[in-house]
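Can you read through this structure? Questions will come right after.
Labels A, B and C are assigned to the chains in the order they are written; within every chain, residues are numbered from 1.
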Amino acid sequence: MRTTKSLIVGAAVTAFALAFGTTGVARADVSTERPGSILIFPKVVNTTDEDTIIQITNVNNDTRHARCFFVDGALTFDPNTGLPRPSCQESDFSIWLTRLQPTHWQVSVGRRIDPTDNFSSAPGYPSTAGFDPGGIPPVGVGFTGALICAEVDASDKPIAGNSLTGQATVKNINGDVSKYNGITIQGITPMGQDLSLDNVEYNGCPASLNLTTITSGAPDPVVEALSPNTPSTVRNFITLMPCGADLENLVPQTVSLQVAVFNEFEQRISLGGPSVECWARLPLEAIGGGFDFATAGTTFTYGTITPQGPNAANGILGVADSVATDSLGNSGSAADNLHVAGNTDTTNLPVVTGSPAVIRLSVP
Amino acid sequence: MRTRKGYRSLGTLALLGAAAVLLAATGVARAQVGSDLAAGILVFPKIAVDTVGRLTGGIPVDTVVEIANTDPTEIRSLHCFWVNANSYCNGDVDIANLCDPNSDNPVLNCRETGRRCLPAWRVTDFFVAATANQPIGFRVGQVPQSALPCLPGNTNGCAGNDGSINPVEDPFIGELKCVEVNDLTNVVPVNRNDFTGTARIYRVTPGSVDVRQYNAIGIQSIADPNAGPNDATTLCLGTDTNGASPVCSAGAEYASCPSTLVVNHFFEGAAPFGDGATVNTTLTLVPCTERIEDTTGVNSVTGQQVTNAQLAIVNEFEQRFSSATRVDCYKSMRLSDLDTRPGTTDDGSSIFSVGVEGSLTGQTRVRGVPGQSPYHGLLGLAEESYSNGFSAAFNVNYDGVRPAGAGDVITVP
Amino acid sequence: MLTTRRIGSAIVATLVLGLGLAPTARAFTNSDQPAAVVVFPRIDVNVAANRDTVVQLTNANATQSVTAKCFYINGNSHCTNTGLPCASSAQCVSGPFVGACLPGWTVTDFLVTLTPQQPLGWSAAEGLRGSGFPLTTRVCSNNPLMACSNDGQCPGGTCLTNPTNAGSLVPPVPETPFVGELHCVEVDRNTGRPPLGANNTNDLKGEATVETLLPDGTIDVATANAVGIRSNLTRNADTNTLTLGRGAEYEGCEAVTIVNHLFDGAVDPIDNTSLANTELTLVPCSVDLSGADPSLATSTAQFLVFNEFEQRFSTSRRVNCFFQSPLSRIDTTQPDRSIWNASVSGTVAGQTRIRAVGASLIGWARLSLLNSSLNTQGSAAYNVHQDSVPATNTILLP
């Protein structure tokens, strides 16, 4: 005969087991490898010098649907202030991916729905053979921004299918390519068109980003050793965007950053940082003077980028890229996903106040 | 009838249950395998050095490794292992017999002399202690390596470094694995996740500079950093209770490896930008289980476990193909060589060929089998090489984790 | 005040402490005591290169003759296409094809009987036979150089019935060049197996001298003692299986070998010109001397290398029956990138601790100093140290 007490104990034990014993969704920040329900490409460019190919894959055994939004971070003049600011203009489309289907498109040309297109396409126009995921508009020349895709069901309601992964390949006019993984955010229990990155609906944004790099302006150690064309130099760039976005009202999200840079001598050589509104691609030394070789004094530097201030909860995401150039101007570039530090493990990190980041989708 | 004591117990237990649910809802961070996280084990799947271009058609190749201690206050230490996967004709380890099994050149692949190009896996190690927030970077092909900047007696005004980095052979192809340890006098793995890593692989000629970059794969430690150190020589990535002689039945110390690697790639020979520059993708696979103290014996009791990697390829028409390949200690080859003979001769017949698949991109899912047996986890890296001489690297995606009991083990000396 | 109980506890504590402090009798291999099994890790013969090894085997027993069953283990590799000895496949070229240089360990055995306290020496290249042995017949008491068979042949003396070397034969090494090892096991002359129980004594000791005639006419000499494995006198069983280890028939081989060395390429601190190079030889303690099961003599050597800054590197190598390599070629094919290279390690001297995973290892090292300006070379061999708890090993006799 079970007593009341034993029943209560059993219930508590069960609760504990459910809390800690289930495999469930790994709740630990954004990821650049795990599939997610939100997929973000921070750097999507179509300029006279660069173009981008987006690859998105459905890793699920069911057909998946996603709403995608191009966010244009190109600078325009604010009519109210006369100052340049990112336009933050969005254009959206939907894609459907059958089970395990990969897809791709080149952002400068988009992708048509054309079941008759085959592999032998016209020169200069990349092949779009395959199940077309949907009509994907091209972006205009001069587009520099991001792409955000959110997994939804057939009625465009956000779901936590965690089915999307992706890569972006950026090619420049010289033929040089760089590639990075799309940033995924895993869904938990979405509740509406406002995607709250609060560890309840979706995983939260990272508490900080960090990167290790060859210091901007430093000679590249490999080019110096192997090439006759010296001296060489390295330039670094970083593309940043707030975690949250208001894609319905087109209100740019802003986040202030604290950037700490450390050199090889364990010296913290700068502490400061810009604010990022909507989207920004900047020379790395522009967000932290310590990333400049003349300041750092060492070939390698390590930096942390931490949101701060009243809007710190907006979070920050980004990718970095570096260019090594020899004395004749031959250059090679590489893109790199940034490392993240936990949103739930905030040891030694500033306490984040305010509401968590939200990606507000436009009403379909 | 409930007594007061019963009410009190009821209330306490209910609170405990609510706390449990609340903790679950707020998302306790779990240890993971990922290339964007600070971790206790770093895996650099591909390190390439060939400063005279002996195996690369005369094009010098080198790698820059960058490691950072993300702890803002303490010195943290690493025990690192170079896993040398150089191949030699008939496995005869001699610089004169160095070869490339994936080369078309009959001299470089040993066929001209009637021999086979076989890998000979050897391991050397080194230790480094990094100060708080310190980046450590070095060119792998440099010999001798520069001293760490904050060694005792340095003139840079800093302190806290210890250890030194040993050079590798030239040419060198292989991986670098680093394990966070207590310190250099007590080299025992610890329950901490303090290190990040990045590698840049260069190809440099008088007329070009090509660089590709990837993040080291981090395998996070699970346990409480305030707890005692992990086992001194056996690192448990998950548990291995499904095996015949488990060594990790007491529990996992590190995150389990992914159950499936997802490689999103262009098919071989595709011209993604429509400008005539075609692309080939090289996939590098390294096993999660590694007996670093003895990598010379393959498929033996003390040797390295051989893993069969099942490959499932899906194109943009949702059409599926499959293949398999064996991974011993290290495997790096072009996709089109996974199912055909090494070399470019029959690439057009490969299921990875764009002409066979009919679409530009595909998804290849790589799974170490048996999936329910331990010691068959895999980690990977993908690199694209374009016909115009440029390249790019990216970390592969993951799907799922290896189930309980099918974990992996790293044995260190 | 000490009560009876407290006094008793104190006594117990003292005993425990005392036992703890008193050194436990340890079982070692050693190179400085007579033993029942002696191992010469390096026998090196190359007639074409004017190199030979002089083996000295001595019976330390003052009253008894000793019979030793000895085994040359040939560590040469051979070309699969030509069958010739080789060091690498580059030596196996035949027309357009290159064969493989594969190791194949063969064993050659012989019997030697040593009279009381008799030392015996021979050239490995030539062996020793017949009249080469000093005591093949009886001799006169008043003239040891006079062979005899009866007293009548010894005017003024008697024909001694001393022990002799009769029945002994030392063959030359089976091929040249030859690199390998020599094991000698004290056996009963009649049974060919180790003597039973208390009869099994520790009587053998040995030295090996590698001599090289250099182009300038000088002779380079390197000598080291053989490594002895002592028997536990009361535990020895009369079988062909020799068990080694703590509490076994023979004392064990330690799991850790320690080599103190100069790093390769280090400048000799004495003449500040010569460059050092050390060659290491490792042989497994476990071995099947019948040649049937070469897998018994396999081990993985874990190397821990410490420099004078206490910095540590490590690597590992497989040891199959016989391992020999310059230090700076153990971990790499490029010595200037080796963890044993002085420019990598940063100091002149180092310590390498070798831990065996599998069969324990017996080591031998040889330091060479090369003065390129004077074109001179000198070398010296030395025994390595042992440490750690003896492991269990097995020697199988045919």
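Everything that follows uses one rule, which is that a residue touches a chain if its C-beta (ideal position, glycine included) is under 8 Å from a C-beta of that chain, and two chains touch if they have at least 3 such contacts.
Just so it is clear, the structure is predicted and the values come from calculations on it, not from any experiment.
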Pair of chains joined by more contacts [C-beta pairs], B-C or A-B: A-B
Chain whose Cα centroid lies nearest the overall Cα centroid: B
Chain A and chain C, separation of their C-alpha mean positions in angstrom: 64
Centroid spacing, where centroids are CA-atom means, of chain A and chain B in whole angstrom: 23
Distance from chain C to chain B - Cα centre to Cα centre, in angstrom: 42
Sites on chain C touched by chain B in the complex: 88-90, 96-98, 100-101, 300, 302, 304, 311-318, 331-334, 336-337, 339, 343-344, 346, 355, 357-358
Of chain B, residues touching chain A in the complex: 2, 6, 9-10, 13-14, 16-18, 20-21, 23-30, 32-38, 51, 60, 62-64, 66-68, 70, 72-73, 131-139, 141-142, 149-150, 156-160, 196-198, 200, 202-215, 258, 262, 264, 270-277, 314-318, 320, 354-355, 358-363, 365, 384, 386, 388-399
Partner chain B, residues of chain A touching it in the complex: 4-5, 8-9, 11-12, 15-16, 18-20, 24, 26-35, 51, 53, 55, 57, 59, 98-104, 106, 118-119, 121, 123-131, 165-167, 169, 171, 175-181, 188, 199-200, 203-204, 210-214, 220-223, 225-229, 232, 260, 262-268, 298-302, 304, 322, 324-326, 328, 330-342, 344-345, 348
Chain B residues touching chain C - in the complex, by the definition given at the top: 84, 89-90, 92-98, 112-115, 122-127, 143-145, 162-164, 166-170, 184, 187, 293-297, 302, 413
